[in-house]
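Shared between the two complexes below is chain A, which pairs with chain B and chain C, respectively.
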Partner chain A sequence: MSFILQQLITGLSIGGIYALIAVGYALIYSVFDFSNFSFGCVMMVSGFVCYYSMQILNVSLAMAIALSIAASIVVSLLTELVAYRPLRKMGTDRLFLMITGMGIDLAVANTATILLGANARKIDVSELNLEGSVALGSVFLTKLDVFALILAFIILAALYVFIYRTKSGLGIRGSAYDVSIAGLMGVNVNRVSFIIFFISGITAGFAGILCGMKYAVIPTLGSTPALKAFIASVVGGLGSLPGAVVGGLILGVLETLTSGFVSSVYRDLISYGVLIIAMMFLPHGLLGRSHTDKL
Partner chain B sequence: MKNLKKIAALALVGLIALACAGCGGNSKDAPIKIGFVGCISGADAYLGQTAVLALEDKVAEINEAGGILGRKVELVSYDIGLDPTPETINAANRLVEQDGVVAIIGPESSDQAIAAVDIMQDAKVPMLVTTASNETVTVSEDGKLNDYMFRMCFIDAYQGEALAMYTYNKLGITKVAVLGDIANLYTQGIQEFFIEKYEALGGTITSVEGFVDTDTEFRAALTNIKNSDAEAILIATGTYKIAGYIGQQCRELGIGLQILGVDGWYADDLIPFAGDVLDGSVMCSMMDETAPEYTAYREAFSAKHGTNPNYFAYYAVDALMCIQWAIEKSGEATGEAISKALGGAQDIPVFTGALTIDAATHNPVDKSIYILEVTADGFKTIEKYDPKS
Partner chain C sequence: MQYYLSVLTIGGINVILILGLTLLTSYTGLFSMGNVGFMMVGAYCSAALNVEFGVPFIPSLLISGVISMLLGLLIGWPTVRRKLKGDHFAVALLGFASAIKVLICNIEIGDFDGAMGIKNVPKLTNWYVVLIVGAVITFLLWNFVHSAYGRNCRAVREQEVAAQTMGINVSRTKLLSLLINAFTTAIGGGLFAFYTTIVVPTMFTQNQSSNHLIAVVFGGINSITGPVLSSFVLAILPELLRVISTWRLVIYGVLIVVIMLVKPEGLLGYKELNFRWVKPALAKARALLKKNKLPGNDGGKA
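Let's look at the complex of A and B:
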């Protein structure tokens, strides 16, 4: 029993991070019908800012987190303002937007490798007493995992309230229904795009900090989680916010349980094989609905 | 307009002719060009960064002493760091076709070295790999010798078996779980030979778990290992970062088993990153970088370049000295002459000692293996281990 519990807790903590990134994919897809593939670099910038602000500016961990989030918002907004918006204005096919995102991601990660080196750096979490783990019988709860899971749920809950209980949220939902009609109805679409890139910058930024704390700060910090989160958002239903969260958690748990009960050697083969089969029966993803009812 | 086209075409032909004249690397006075292929940037830049510096120093030293056969030596380096395997193929093609090198030093990893085998064989230019330890680099799967491929390091079978013997005979551990990179020829080789030898000695492999090198999360596999009754875990990875992640996650899961490692961990950066969580781990290495015989070299290198040389640099210098030896012995600076001289050569004086190359496999003969302990302060040599003893 404790074995299953241990694996479930590990799976949920991984899934929580996937979910954080996946909601960014869902938000942007819901409004603009394309997937933003530059979250990896937002995560990376966030991790590096957290590390270097503690090392060079000697600020506290909490302050470093705040600076990282500010930096990730800036990077996320820059990708929208400098790359995506001008392309959309030119009426570019959305496939080109996705390729642009991939290009930004690779370029920023490679620049970081050249300028900062690829060495693994550790974010010191002792200040918030997040080191080590707590033993509950034979189950070990890593403090960082608990922190990550709670933080992920707080952010996701706040996002839910924002989208479904505020006027700006209504604007986003309206744009998700049909961005052109929303524009005609008086919704400021540029403001909506600013808000969704602002929010997805925050969520990817937190994911980057958590990955940096749990593993290491390296230029490729965001590459694998961002890719898996994209898969999670597809599984949950592209453009669906609850779907992204559910998809992220399912993916994390499925990977862990496959490693635990089948084989870690065949983990990706089996867990992604299962997902492919599931997608055959649910082509819109688990919670994805028709075009008219996203978010 | 027509005339303009003709002039342009003539100019182009002239330029090509000039370039071809410049390619004549084997004329008597032209410098002897030697290539280097390695990771100088990118995620694994630590593999090649000090190697290229060490080679430049050594080339300068050779040239100051009059060169080889009275000719200057020129090093042509290519960085493969951003996408190692395709870049190795590009670099190898460029070095043999465009630069006209007589031999290539590197790359560091087996996956890349194997990708270059056909190019070297066709061009009849020897490649002296530094740390690529998979057997098929020099002997193809059908047992045929790749006569233009040589290596400076020992092979995976040698390391895997030595570690199995040390674990069973010296550490007295009878049950081991294995956690290895499933997409890496080097780690799969070590893992396979370790398991085979360990079971032949009477040991039990309690669990075999796997990962890929982009993974950062290993707790599912570690939880399996924790439940598997193992006394030790062999972590077969080619990068220190993964060793660090696994050490950290072992601690988080309350796993206090003996950790066994391979020489892919051997990087100075491991210590500040994970020296504390891997404290007490035992690993194999091709050499002890800090052995007294290297102290003077390390100090001079560090003073000049601001960084310590690693064993990739030592082996790169070994390879250069082999090439120098072969050219001087054969009296000819061509790929074929160098290969012929190196196959079966005995006691070549190289930086790390004397090197004898097995004529049948092009592997070094009787290389020492070092058993190191990881501590929070650095690597500590436990002993120089001879698997035959």
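Let's look at the complex of A and C:
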């Protein structure tokens, strides 16, 4: 029993990381109708900045986290301003925006591999007393997992408050419904896109740091989690924020339970398989709106 | 000479790999992030058939193509029936490719171990085999695209509801494109296996899927010569530019972004490579050289 609980909480923690990235996908899809495939490089940049700022600049862990969030915000905003905004002005098809995102991811990840080498680096988390494990009754969890879980929920709660209780959030929700109408009603769509990429930069940055702390900091840090979070956000319902969170958590829990109870080898097969079968029966995802074709 | 021929072979194999994806993505509008699954099936099946069962070269390629088509049917039928499109379809194929990879890595039948791969595959892929197979597939694809089937695909890409109103069976068209894609990618994978003489799971990464997709869009939508040229050049680029071969992928990425910003339909989007522009260009050049004889400059004088 305690094993199930342990796997469940670990799964929720990993799911929290996926949910953070998936929320970014959902935000961007809800307003602009395309999936931003450059989250991999945002995560990688934040992981690298965290590591190198501790190595080279010798700052404390908290300061390193702040610096890496700033770096990931910069990268995310740069992709928006340099790549996506001009293409959107030209009115190009979604496929091209996605290919551009993939191209940016390719370029940045390979630049990092060439310039900084592909060895695994470890982020030293002993400062905030995050090494080791903690015991809650008979359940043993690593402190890092608990930290990731709590941090993910704090950020998601803050995001909820921002989107559903503030005026900018109202603008985002309006643009998510229909970008052109929101623009006609006086919402500054450029500012909305700025805010969205800012937010998704923050969430992807936190996800990158957590992944870097949990695993190792390598140039391909972001590729696998970003892909999994993409699947999670699609299954949860493209463009739906609660759906993205739910999808991410479900994927995390499914993965961990599978590797705990079935076999860690078949983990990907079973978790993707279950999600894709779920998608067959709910073609618009778990919490997605059914989009009828606009004629 | 041998070096140039091997470079040609690598480029040709890459072209065959993306020809199916061209049909699926640039003509039918479904983008697939799981093409590496079909490639893996093709490589493993043809290598296994040849090494274990002694099936000769071309039949093993064709049989592995058919097996890959059956798998494509397995994933394609439910996804197309449920009208999954766009990102949902991409995710389904992505999951399918991961599933294939996991399954193949974990097959242990007799002394065939999937994860250890197949070694000692005879090196039967020569430049002329690749050239002939590539030419045949390109010819077939050209005819397909310029026929009613091709027009159906384009109609489905542009506006599905209108296509359905016109009487085009959308599910069947999409499924047909997917099956052709599975077949040609498997043949490409098989040729790849016979070229590298060894088949291991680590040779087939998700990055390859993305790279193929990027090559197709980069080459141009609604064009066959575009992706053919672009994937050929991109495959032989590390050989041509050895001096910057470490930066190859970075340059590739930057080039993609630049091309998307400048010409989003791709390099040869909506056009095929032809030489019809030569004559008018020559005439214009000739006219420019004799400046005062440009039409209209005489002011109406004879």
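To be clear about the criterion, the second predicted complex is superposed on the first by the 286 of 295 C-alpha atoms of A that agree within 3 Å, B and C clash if a C-alpha of one lies under 4 Å from a C-alpha of the other, contacts with A are read in each partner's own complex, and residues count from 1 in each chain.
Throughout what follows, a residue touches a chain if its C-beta (ideal position, glycine included) is under 8 Å from a C-beta of that chain, and two chains touch if they have at least 3 such contacts.
Note that the coordinates shown come from a computational prediction; the quantities given were computed from them, not determined experimentally.
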Fit-or-clash call for chain B and chain C when the two complexes are aligned on chain A: clash
Which superposed partner A:C211 touches (first chain B, second chain C, both, neither): first
Chain B versus chain C as contact partner of A:D268, first or second or both or neither: both
First, second, both or neither for A:M280, with chain B first and chain C second: second
Chain B versus chain C as contact partner of A:S168, first or second or both or neither: neither
Chain B versus chain C as contact partner of A:A83, first or second or both or neither: second
Contacts of A:S223 with chain B and chain C, given as first, second, both or neither: both
Contacts of A:F140 with chain B and chain C, given as first, second, both or neither: first
Touching partner for A:N110 - first (chain B), second (chain C), both, neither: both
Touching partner for A:K122 - first (chain B), second (chain C), both, neither: first
Those residues of chain A which chain B touches in one complex and chain C touches in the other: 110, 114, 223, 265, 268
Chain C to chain A touching residues, read off their complex: 25, 29, 31, 78-79, 82-84, 86-88, 91-92, 94-96, 98-99, 101-103, 105-106, 160-161, 206-207, 210-211, 213-214, 217-218, 246-247, 249-250, 252-257, 260-261, 264-265
Residue ranges of chain B touching chain A (in the complex, touch as defined): 41-46, 82, 179, 182, 208-212, 214-217, 219-221, 223-224, 227, 240-241, 244-245, 251-254, 269, 273
Chain A to chain C touching residues, read off their complex: 29, 35, 82-83, 86-87, 90, 92-96, 98-100, 102-108, 110-111, 114, 223, 227, 230-231, 234-235, 238, 265-266, 268-269, 272-273, 275-276, 279-280, 283, 285, 293, 295
Partner chain B, residues of chain A touching it in the complex: 3, 6-7, 10-11, 14, 110, 113-114, 117-122, 132-133, 135, 140, 142, 211, 214-216, 218-220, 223-224, 255-260, 263-265, 267-268
